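Each of the next two complexes has chain A plus one other chain: chain B in the first, chain C in the second.
Showing the complex of A and B:
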C-alpha cells in the first residue's frame, strides 16, 4: 500500500538529498548538475539578492582529500579574474561540515549545445579565440586546466564565453605559498592520479580514478596526461586539449572519432594537427600562439602550421581580396566584350 | 589625407589602364598617348572627389555609390565630346568602363584607403 504519492516521494527524496544551507547567506533554489566531486545548485545570496551557483562537495564522495581539492579549486578560481573564467564569490563550510564555494551563476548553454546554433566557421573560430584567451590567461597565472572539453565551456546569451570546471587544475610552478596555503596535491594524491582507468567513465565523460579524482577526458587528454606522466604536463598539455576542442568545433564530432584531414581546409587541419601533436615539443608553445594562428587564418593570412606553395598563396590572396579581384575581372571582361562588339 | 592621396594615385593607375584599352581601337590607336593621359587625368579628378568624400563619409556604400556616379558623370561628359578627326562618339566604350573604374575606385578607397580616427585618443 502506498501512503504517499510518487510525486510526494520524489519531493521527499529530493529534500533529503538537498544540502542544509542554514547558517549561510544562501537560500537553495534548485539542483543544477552533478560533477566529479561536487554537486552544483542554484541558490540566492540573501544579502546581495542575486542568484549564484553553489558547488558543494558531493555527500557520496565526501572525503578530506576531496574537500581540500574543492577548496583548492575555489582558490584557483579566485586567482583567475578574467571575463572568460567563471568568478568565485565566496567559500565556506555547511553545517554538516561539507565545503562549498559560491560562483557566478552562468545563464547560458554548454558549448556543445550552443554549436548547434552556429554554422558559420568564422563565427565558431571567433568563439574559439575567446576560449584560448581565457586559457592563455590562466597559463600566464601559472595554472593548467587539464580538463578542457566542450562540456566545460559555457556560452552566455551575449556570446560571452566562460571556461568552467577547474577541479583538475594544476599549478605549473609550485610556489612555497601554494604548498602552504592552497592545499596543493599531496604526494599521495598525485600518485592516485596516475591510476586512471578508462572503465571508470562518468556521465560527463571525464575519467575518474578509483579514488574519484578526475584526470581528464579521453580524446581531449594529451598522451602524457593519459600515461600519467604528470611531471611532463605544462601549458602544451592544455594546447593539445585546445586542438581537440578546435577539431570538435570544426567537425562537430569528438576528436576520437574525427580526423583533421576529413573535411577541413588544409591550414585548419594543419593547425589541429600541430596543436594535437603527440610530442609536446611539436605543439604550439602556448595557447596564445595557437589563438594567433587561428586569427591569422580568419584574416586570410598564412598560418605558421601550414607552409603553403605558390598556388596556395595566390588562392589566399584572391580569397582575401575577392571583391577587388572580381571587380578587376569584371573590368577586363567588359573591356573584351566591348572590343568584340565594336569590332564587328 | 591618406585616403585622398590613395584615391588620386589609384585613379591615375586605373585611368591609365582604361585608356590603354584604346590600343584595340584602330581608329584612335595613333592618339594612344593622349588618350592614356586624358583618361588618367579624368580618373585622378574622380579619385580626388572620391577621396575627399571618403574623408567625411565613413560608410562604405555611400563612398562606392558616389564613386560610381561621379565616374559615370565624368565619363559621360568626356564621351559627349566628339573625336576631333572622325566626329565619332564613344559613349559605350568610355561610359561602361568608366562606371566599372568608379566601382573599383570607390571599393578600393573604402577598403584599402586606411582608417580615419573620428575621435582623437586621449592618451
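Showing the complex of A and C:
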C-alpha cells in the first residue's frame, strides 16, 4: 500500500465527492444544500454567464432508480412553466455518471424565514394566494406536489413566490406520453431504493416509509397519504397541505401544534378546517377554490366555508363599508344631538 | 402505479447482498468470523497500532503485541457484540476498546497467555512505523481526530490498491497512472496540468478528462464498498459515507 499524504487524502475526498463537471457548460461555485437524494450546488453557466443551481444525484445514494427519479423531477418541472415554479434549464448526465439538472438559482428566503418579517395578515394572505396559484397551475397540468410545506416555498427579493422541491410529485392521471417521458422507471429498478426529500433549499424533514407509501411531512400530509393509500391521492391531498400551510402562515406554528380555533377569525379558521378536513370529500375541491375563499375573506366578502348569521353579516358589512358607516353614524349622532338641543 | 412503488423502499433494511464485516464478525460461523476479522483488521490495524504508539506511548514491540491482542480479543471476547451504531461511531467504540485493553492488560500475563510473540495476523508493522515517522505528532487532545484521519488513510490506501489492481486487470493502467500522477502526487512543484498529462501520455486533453473521471468514479465506488463492509446497517453506511465524502455547508465543493 502506498503512503497517502494528508494533501492526497484531501484531494481524494474532494475528487470522489465533487461532481465532475468536465465537458459541461457549468463551473462549480459552491455547495448549497444536501438532501436524501441529491446535492444542490451553485454553479456558473459559462455560456450564458449566469448563476444556476445544479441538483446532482448524491454519490452516496446513487442508484439507477434514484437517477430515474431525479430525471423525472426535472421533466415534471419542465412541464410546469409558471412564475411560481422554479424553472428547469437543462438536464443530463455528468462525466462521472451522475444525473443532474440545472435550474434557476433562487436568491430568496424560505417561507418560514421570510414570515418573520411579515406581520400583516392581509400581506401573508396575498403571499399565500400566489402559492395556491402555482399549485393550482400544477394541478391543471395533472401534477400533484405531495410535499407542500413552508420549507418548500421560497420568497424572492421582489416578493416573488416559488414552490420548490417537486421530487415527490405525482401525475394525477398517467397518460401514455407520461409513461414515455418517465424513462424506464420500473418498480423492479426502484423497489430497493431509499428515497428521501430531494436536496433543495429545504430541511430534510420529509419522511418516507418502506414499501411504496409516503409519510411526507408530518402535519402537512393528509390522512390518506399518511395511511399510504396512494391511489386515493388527488388534488384535494395538496389542498390539505395548503390548508396546513395557511394555518402555519396565520399562527406561525406548525399545524401539529396549533388548531384553527386558536387565535384566528372565524372565517379564516373555517377555511383552514375545511381545507384540512379528514375526509377529502369535505375539503375544497381544488386549490383555486381554496384561494378564491381566501381572496373573498381579503375583500370582506362571505367565505364559502363559514355560513355566517345576521350579526356576522352586519359586522362584515360594517367592516367592509367602514368609512361610509362612520359617516352615517356621525350624521345620525349629530342629528340626534341637534334635535335634543333645539327641543329645549 | 410505478411511480408510487418507486417511493420509499427498504430504507431500514441492510441489503443482504452487501456483505458487512461487522455482521460477519458477530456470526456463529467460524469462517465468517475469520473473514470479518480479516476485513476489519485490514482497515483498522494501522490506526490501532499508531494510536497505541502515540496515545499510550508504548514501544514498537509493545504496540505490536497489543495490536495483535486487540484483534484477537475482537473475536474471542466478542468486543463488537456491544457495538451499537446508534450510540457511537465504530471508530469511537474501537478506541474505547483499545483504551480498556491497554489499561487492563498485564504485559507479562499477556505474553504468557499467548505463548510469547505468537501472531494471529500477518501485519507489516515496519510500514506503519515508517508512516508514523512521516507524521507530525498530534496534540494530546486530538488523538480521536488522529485515529479518524489514520483510518481514512488506511481505507483510501486499500481503495487505491484495489483500483490499481482493477485497472490493471481491465487493461486501463493508463487511467490509473493518470489518477496517480494527478490526484495522488504530493510534489507540488511538479504538479501536472491536464495538458501536461495529455502531452506526456500522447492523449487528447479530453481523453485525460475522461480517463481521470473514470478513475475517480471507480475509486469512489471501491472506497464506498469498503466503507460499507465496515458498517452494520444501511443508515450507518450513509452517515459514514456522508462524513467521509461530505462537505461542510459553505465550503467550496
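As a convention for this text, the second predicted complex is superposed on the first by the 292 of 344 C-alpha atoms of A that agree within 3 Å, B and C clash if a C-alpha of one lies under 4 Å from a C-alpha of the other, contacts with A are read in each partner's own complex, and residues count from 1 in each chain.
Throughout what follows, contacts are C-beta pairs under 8 Å (C-beta built on N, C-alpha and C of every residue); 3 or more make two chains touch, one makes a residue touch a chain.
Note that the coordinates shown come from a computational prediction; the quantities given were computed from them, not determined experimentally.
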{"item": "Touching partner for A:285 - first (chain B), second (chain C), both, neither", "value": "neither"}
{"item": "Partner chain in contact with A:331 - chain B first, chain C second, else both or neither", "value": "first"}
{"item": "First, second, both or neither for A:65, with chain B first and chain C second", "value": "second"}
{"item": "Superposition-derived comparison: chain B or chain C, residues of chain A touched", "value": "C"}
{"item": "Which superposed partner A:323 touches (first chain B, second chain C, both, neither)", "value": "first"}
{"item": "Touching partner for A:315 - first (chain B), second (chain C), both, neither", "value": "neither"}
{"item": "Complex contacts: residues of chain C adjacent to chain A", "value": "1-13, 15, 127, 130-131, 134, 149, 152-153, 156-158, 160-161, 183-186, 188, 206, 209-210, 213, 216-217, 219-220, 223-224, 234, 238, 241-242, 244-247, 249-253"}
{"item": "Residue ranges of chain A in contact with chain C within the complex", "value": "1-9, 11-20, 22-23, 28-31, 33-34, 41, 59-61, 65, 68-69, 72, 95-97, 168, 170-171, 174, 182, 185-187, 189-195, 208-214, 230-231"}
{"item": "Contacting residues of chain A [partner chain B, same complex]", "value": "323-324, 327-328, 330-331, 334-335, 338-339, 341-342"}
{"item": "List of chain B residues in touch with chain A within their complex", "value": "21, 24-25, 92-93, 96-97, 100-101, 103-104, 107-108, 111-112"}
